[in-house]
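Okay, so here's the structure we're looking at.
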């Protein structure tokens, strides 16, 4: 199957034109005319992913490989190091990032993983939950299979939650809810939310997006061998 | 004592001209000509700090109140909310941020808290430690009095550490060490460090900077009543 | 009455979305949720205005308090000095500037004060007057109650005037008239108009906008005590 | 005499490299290799100046002809209209603007016209005068031969004045004096000065710079016929 | 006839609003109100053109006189030198550049000169020609009356050509053809086309646009004397 | 030999810090730590160069591979196409561009190829030659071994030439000579030079820089196998 056919299929189920202006979704590395025998799906790239993917395959990841444009290709950072690896193994890479957040990932996480009703506005899923904060934390832990959560607790009772997988604190100005669930929360962002009276639950960037592989697998109705692989969470708690 | 006298003293021990271009250290709120009877020192501002500080005092914090310039003063975010509170209680605010990092805080943390030898280059303290990674983690936990640490472990043995209090991942390009200790590490930053082979220990933004109060208290040799107070860490682990 | 209710009423009679991109009309200081007992209307803020307005009131002015965004709130300039005063007296401030020029002030001045027929295009009112220049000057003096006018006289007879209250010389490229009435005319602007053959009558920034108080008072049909006050013209001729 | 020789002489007495970054002092129109028989000096250009200057002469003015770069040369504004006139009469134009302010004009005005002692810092002349405000106004009127002055009076007694010919209000942040004498003062600038407690006397842009002709005439020690002419003040008070 | 009448006629047959954002088509020099007795048409301006055009005429050229805005009018470069000449002879200049390319010149060249069928998309004319490369080169030489052509030959057989008169290599990203005919091809542009597999034939900037005079002459149906003149090709091959 | 050792040697004979701000000289592709057995030198990259260079070698070219930073690595243009080829063959690439122009190439061309005396100022070599224009053209043809030259002839006799290899017309404002020898001359640039009275001889971008290989070969005194190869001139004259 040609890379272009797969690209066109993906564009139909989650149009690349929906991506944010700063994003780099689409064919990041490779050739539209390449013939591939296998598709791999992974949240991200790391060395074990590179090892596992066979030569001449297509890799679909959530995160683009290159965010900041590059002028030198020297293996001294994430983007250029794995760019070299991909080219050496002739692996094409398509990123399905903010377009896929909007069409699939965010509402899947809110509805299927956490079990909430509600609707997405752009990157944010809203749900009226009427729940004790402690109860909400317990639910999130169970559904996400996590032992501890980092939280900013400002209300005992939560009427409405906002949910954004990945790193969503840049959206704080637009959040209209008592509690915001997102990942990668920095200290000053937490202080700001606290001043606004919005509770926070840090659901983890990796932890909240690792469902990407399953969601994409389900969506990818193509007559070609498809394999799920797992990039690792770089963090461990010790 | 006039605010200006205190400002001049601070400028002498840690010149405001050393601050980064994007920083806003100096007199953020108040009047150089105000007469104050008391100085309060806190890492940051929160509601309990506002309550505790008496009217007509001077507050010295690490973080500036305003980063992004403002055109409307409505209590809907951190900076404007506490700006209103400070003005209502006639409290002047001086921020000692990146200038103080360079002259005092970073090397205090590395030397006095962690007990390392070495030297600071701008925002980064380097120390040749020759230590097992596990041993380093244990030491950091003990010295910082923490139960768990979030780490990215890539080397079993660490020859050289780099240390930056607060949020230092923006400096990654310049880090020349096996392991970097800093706070507020985001997922993509961790992936990048992993690709470069640099281990990380997340020492927390708040946790690594809370020593500010003690260091400033020691440095502030002025004939006026000085009180330490503690802004709260917005996060809790549950 | 809540500040928000008054804001919503003002937005209905003169939508804030009509303001220019560089303007800062809207709630400049205060809280949408504050309860106020009295509204004051003034062209601008000065110390006597601050003194006269009671605590916990709402002040409506023509000019925004803040034009250039601020990072330090020290009473060393107009915007920050009165920002502090307003907060100390818990006075909310709404500015009705370029939106109100377009919907009310400019055509009021041209029609009701000067007595001309015609129509407004954005910030400029045009009227076909067919009048001697001297006669026009005499009319303006009488209607505005002024003894002297600063003029650039290039035509003895004026067929068509353009009128912009406040400081309108930035619009010169678009002016299609024999004579332009506006305020705050600078020397090079006058030289430019002279080269183009457009006569000028300087109607004063303050003098042409002081009608704001009356026009707003008439428009403000709300069930709450409303008081007109007068900020002073900073200039005097001696 | 070649235009280049005159240019070189001017560059020696008031180096063009001293001009501000936004300025356009130097040869604005003409040819360094042209031979001229006469030099004319004028504050500015207007139609009577164009008429009076003979063909093939050099005109030295204070203000540059072009500030904003041009792409179309159509006589619909000051700069392009007189650009055409100058070229049609083959008149070269040299502007001596901010460089000449710094080396000659500002201190001439303060010392020779007003009779003050003191020194210039860049564009601002400072003098310790210890004088009643009314007395200062009277002195300025007499020395400048003016009947009325537009002022912002905030202090009865003036210890120190700052003086900038032309339009100096953009320098307000740097002014360290009780009273500032400059021209082209706009309403919001006056309100700002009032909030800062700095009195103002509007000495007029044209009125304070018309001495340019005499100062330049004195400085121009060249063996060629030199004539003073007077561009008109566009404003009249009626 | 007034310049404005001619301008309006031109605007009707080839609207100036079609020009590119960086272009400067329209009245570059002169006065809409001038009365002219004669119109001259030339591809460009040079000294012989200036000599030939009578005073008080209108000159229509393809290229604008000024591309980069100017602040000094000294005869040290193309734009300012001929600006001075035009003004001295009171010649008005209208440029018909990218608007005319789109409406007339490019398709005239492709259809009438080269004899191809096809259609223009913005600046590019496409034609399905199915021809040997050598045959195509021979045809271009004959039709354009040229002895040698500079080419980048990558295909023996050309199915589809793209044609842009003047300098079109900036459009390479959008070209969908086997061979691109345009002028002013630089070395790195040729290397890039070679890497993409697109053959090139350099049809010359001057050589491909010299038909402007004829096309404009045909289009200019006005009751006034019209003369064609020829600016020279600056290059010669020796 | 390590890439780093070769890089350091090159940096010594022609410091990379001398490159222009827009340039991308240095290690463009590869790894400082790679071990290479062979060095190849070529003016540029094309498919035959890629074929000829052995795997795991180092290629030194004059032109950088990447000028405009890239976000997608798809073989649809020069830079990304050959980036992929280089990585697939594990070839490192160092560009020696504007730094080498300044230290070696330009004066080699002027002195050794053309046989002129003189000196380089930045990118321009000046020589006082006192020669008929025709004689100069003949000399250039002979020395460069070319049959025809594209010229702009404005003077019969040339006193002083300026010489810049590659594409030098962007330097025209600074050229102080009767005749400028450079490559890639575009039509409007020729018209501009003509208006300034500066004759031009187009020495070709490729033709004037192909000496790079020899000059670099001579300069590269390293104990490793070094091979010269020749990228092709994309143009042919037919």
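Chains: A, B, C, D, E and F, in written order; residue numbering restarts at 1 for each.
The working rule: a contact is a pair of C-beta atoms (placed from the backbone, for glycine too) under 8 Å apart; a residue touches a chain by one contact, two chains touch by 3 or more.
Molecules present, by chain and UniProt name: A, B, C, D, E, F = GTP cyclohydrolase 1 type 2 homolog.
These figures come from a predicted structure and were not determined experimentally.
Counting every residue number used by either copy at the subunit D-subunit E contact, over half are found in both chains.
Chain centres computed from CA atoms place A at the largest separation from subunit D.
Relative to the C-alpha centre of subunit F, the farthest chain centre belongs to C.
Averaged C-alpha coordinates give centres for subunit D and subunit F that are 51 Å from one another. Inter-chain spacing, taken between the CA centroids of subunit C and subunit F, is 63 Å. Contacts with at least two other chains are made by no residue of subunit D.
The touch graph of the protein chains shown is a ring with every node of degree two. Listing the chains around the ring, anchored at subunit E and oriented toward subunit F, produces E, F, A, B, C, D.
Of all the residues in subunit C, the ones that touch subunit B in their complex are 24, 26-32, 66, 69-75, 83-84, 87-88, 90. Within the complex formed with subunit D, the subunit C residues making contact are 44, 46, 63, 67, 76-78, 81-82, 137, 148-153, 167, 173, 183-188, 190-196, 202, 204-206, 234-238.
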